[in-house]
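Just passing along the structure, written as structure tokens.
Chain IDs A, B and C follow the sequence of writing; residue 1 opens each chain.
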Amino acid sequence: MRSDKESQAPVWLKLAAAGGLAFLHLPILLIFLYAFTTEDKSYVFPPPGLTTQWFAIAWNRPDVREALWLSVKVASIATIIAMVLGTMLAAAVSRSKFFGRETISLLVILPIALPGIITGISLRSAFGLMDIPFSIWTVILGHATFCIVVVYNNAVARFRRVSGSLIEASMDLGADGFQTFRHVILPNISTALLAGGMLAFALSFDEVIVTTFTSGQQQTLPIWMLEELVRPRQRPVTNVVAIAVVIVTLIPILAAFYLTRDGDQVAGQGK
Amino acid sequence: MTIAVKFDAVSRHFGSVRAVDAVDLEIAEGEFFAMLGPSGSGKTTCLRLIAGFEQPTSGHLEIFGDRAEGVPPYRRNVNTVFQDYALFPHLTVLENVAYGLMVKGVERSLRRKSAEDALAMVKLPGYGARKPSQLSGGQRQRVALARALVNKPRVLLLDEPLGALDLKLREQMQEELKILQKSLGITFIFVTHDQGEALSMADRVAVFNDGKIVQAGSPAEVYGKPRTRFVADFVGSSNVLTPDLTEKVSGQRRWSSLRPEQVSLGSSKNNGLLEARMVAAHYLGSTTRIVTEVGGQRIAGVVQTGQSIPEAGAVVQLAFDKSALHYLEDQP
Amino acid sequence: MSAVLNSGNQGVTGRLADRLWRQPPVLLLSLLALPLGWLIIVYIGSLVALLWQSFYSIDEMSGLVVPEFTLKTYGELFTPSNLDIILRTLLMSAAVTVACAILAFPIAYFAARYAKGKWKALFYLGVMMPLWSSYLVKVYAWKLILAKEGIVTWIFAKLHLTFLLDALLSVPVIGGNSLSISYIGTFLVFVYVWIPFMILPVQAALERVPGNLIEASADLGANSSQTFRNVIFPLALPGIVAGSIFTFSLTMGDYIIPQIIGSSRLFIGQAVYAQQGTAGNIPLAAALTVVPVVIMGIYLTVAKRMGAFDAL
């Protein structure tokens, strides 16, 4: 029957797809391997020996700790700003028609649609023009801007799914706007907000391009890694840090995926 | 007789669209009132005006004598059963029903009890712990009803409440709603596009078209004595006779309507007779609906099943009582 | 207080709630003010500042920016070395886009047409995870892989194909001393990093092709390659174009990958970074940045006409 033939993919396609997927994942797995190597002066393969010593060494290096702490601070503050502003914007755009709504939807996409280097150099030139010195706040300013987009995307997708009649029903039963927000709207968008927040955190934690333009002496973890890539010191330590970054960014993303799985996709796919 | 809801030349415009066009209406307390009409006729907008989700562009709306313009829905002692039921998905059935009491600050055990009583009233006792997603359409509708009634509103609004239900369930609910309304004694106002539903449930019906009320009256009036061609056609799908045809039958050159059940195949006894050509016959069970054609127009009639029916194309005599002919106003 | 209309909550929140209900524009404005203000002032503002500065120029002697309107800086874009940079970047972007389209298609096709149920979710996750994995870590991983002593060399050696690798590296222009300092290496890393951006829109576009279209094509007598050429590919094209927006624009603006894996010849991103850094030549950096913006503007307009935005 025709449908039987349809449901089985040709072998070469299966191989190509599986191969492609493996290709996507292997390099990162390789880093895991390299974090255990005993050789710290080169990237020789196969690794001459395996050890776990680098994990402790990495944890004890002060520059690594500082960079990690700064990344956490920046990501947290940027995420909080993004969650408040992104949700407000999403609420306004999804619930009312007003002049300029289409333009705003386009505007919000820009920080993520345009390459990071444009955002970076723009902010840099603005700081220069206004004589603003680099600080943790200039970094946060840059991060929060694209984090707003991520939260907005998630929030807007969910707002659109919250049926308008729920809000009317709530008001019909005696709840004013604030009560309706608290008892009906918030519970229904909470998982989307959480997902957006987590994605924003992961994005900010990993961000390097905009950060190089908006930071002076401040070193976030990705900036630290960039330095190491150009001027490597203890290579396996860099690998350990790389693993840490992968885990710290992957967990929120997976969680966000499961939170928003029913129905809409994880929004904000484009970086 | 207290007037529950009064529309005084109420209009609601959306730009150039006149959703509601200078409507005058009075609904008495304790009435089961139906707003009937096709989609876009303004009936739902009128309902929303009473609920408070829309504001009139002009005219006055009074609820139990008080001006309602500018009063938000959450300040009106009016509750709505929505077309899609609008049950809160994140709350249990009991929490849904108790919602109105919760936002008013009613104490927990009291609102629990009231909610459970309301559920019992709609024949869903013990369903409190479930979530709306676990309920069938009919059950959700009852929960929506309970949620509205637990607040003891003076007016209950129902927006096409039975549309999503299958036939059997719909008929059952129609009966239950009627009984409920009589026992509670509060004003029920419901919107529907199903004229059969309106006729069977309501004490009075308002027929809407194009933002205006074309006719308001008891079901018998609206069905038996339609004012215009629109009403005759929309309510019960009457035969509408052109002035030419009417002249042939009664001598008066006016539009008129004739109910199909008053038309049958006759021979001599009736005093109204019309020569027509058979087009088709539709078996409906105990009766058969016949469709004939005369003067370019279709005329439908009803005969008892079993009576012999001529073939399509045959010439027949349509028989009816001349006094059953009802004259319509000139406007469409 | 009437029987039906009650006065409700008279506290501050109550009165505020009433006010907001009565005047929806006030609510809208208060929601929009902060976020829109931020986006416009911070983001659009700095874009404008950048554009503004591109019309300034730098005084060669003092090294200071001269705040006078001039087109001199834009003129500098046309010097041979700058044109070189721009051309190099464009060629690489195009090559990467084509390679991504070719490599992503089988994966996207399989995921769209044959993966069902939990396999579909698995595939989705399988593409999303690399997409969201740390960009820098991915680049770093390839530095390890392409290193002279790394795994690629080892594999070629094990397969006794080292001569092949050397032949590849000796190709002029794109070859180099090792994979990690050659255009080939840069190209490979770009393709690796951006492929997920191509897979997702193509998969989305293919998923929108109703299965019965392919059946209909076969029913009307087409063999599978004809069906592919005439039915599947044209319908997948908007997805490919959408994906190409990402691969093209991301490659054009990238300055980290060429820096870590590549020869010392510059791409636009690196040039921008270099100019605004020690050189302090922000006007030139700005002018250079305008190039990819304009190119992407044109690209996006064409893409929109081809319906790519519906595939996003």
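One rule holds in what follows: contacts are C-beta pairs under 8 Å (C-beta built on N, C-alpha and C of every residue); 3 or more make two chains touch, one makes a residue touch a chain.
What you are looking at is a predicted structure, and each value in this text was computed from that prediction instead of being measured.
Set side by side, A-B and B-C show the greater C-beta contact count at A-B. At the far end from subunit C, in terms of centres built from Cα atoms, lies B.
One simple way to say how far apart two chains are is to compare their mean CA positions; for subunit A and subunit C this gives 15 Å. With centres taken as mean Cα positions, subunit B sits 54 Å from subunit A.
Between the Cα centres of subunit B and subunit C there is a gap of 57 Å. In subunit C, the positions touching at least two other chains are 8, 18, 21.
Residue positions 72, 74, 78 of subunit B are each in touch with at least two other chains.
Residue positions of subunit A with contacts to 2 or more other chains are 176, 179.
Contact residues on subunit B toward subunit C in their complex (touch as defined above): 63-66, 68, 70-72, 74-78, 154-155. Within the complex formed with subunit B, the subunit C residues making contact are 2-8, 18, 21-22. Taken in their complex, subunit A has these residues touching subunit B: 163, 165-166, 168-176, 179, 183-184, 187-188. Taken together, the subunit A residues at the contact with subunit C in this complex read 2, 6-9, 13-14, 16-17, 20-21, 23-25, 27-28, 30-31, 34, 42-46, 84-86, 88-89, 91-92, 96, 98, 104, 107-108, 110-111, 113-119, 121-126, 128-129, 141, 144-145, 148, 152, 176-179, 202, 206, 208-209, 212-213, 222, 225-226, 229-230, 238, 242, 245-246, 249-250, 253-254, 257, 261, 266, 269-271. The touching residues of subunit C, when paired with subunit A in their complex, are 8-9, 13-14, 16-18, 20-21, 24, 27-28, 31-32, 34-36, 38-40, 42-47, 49-50, 52-53, 103-104, 106-107, 109-111, 113-114, 116, 121, 123, 125-145, 147, 149-151, 153-154, 192, 195-197, 200, 211, 214-215, 218, 246, 249-250, 252-256, 259-260, 269, 272-273, 276, 282, 285-286, 289, 292-293, 296.
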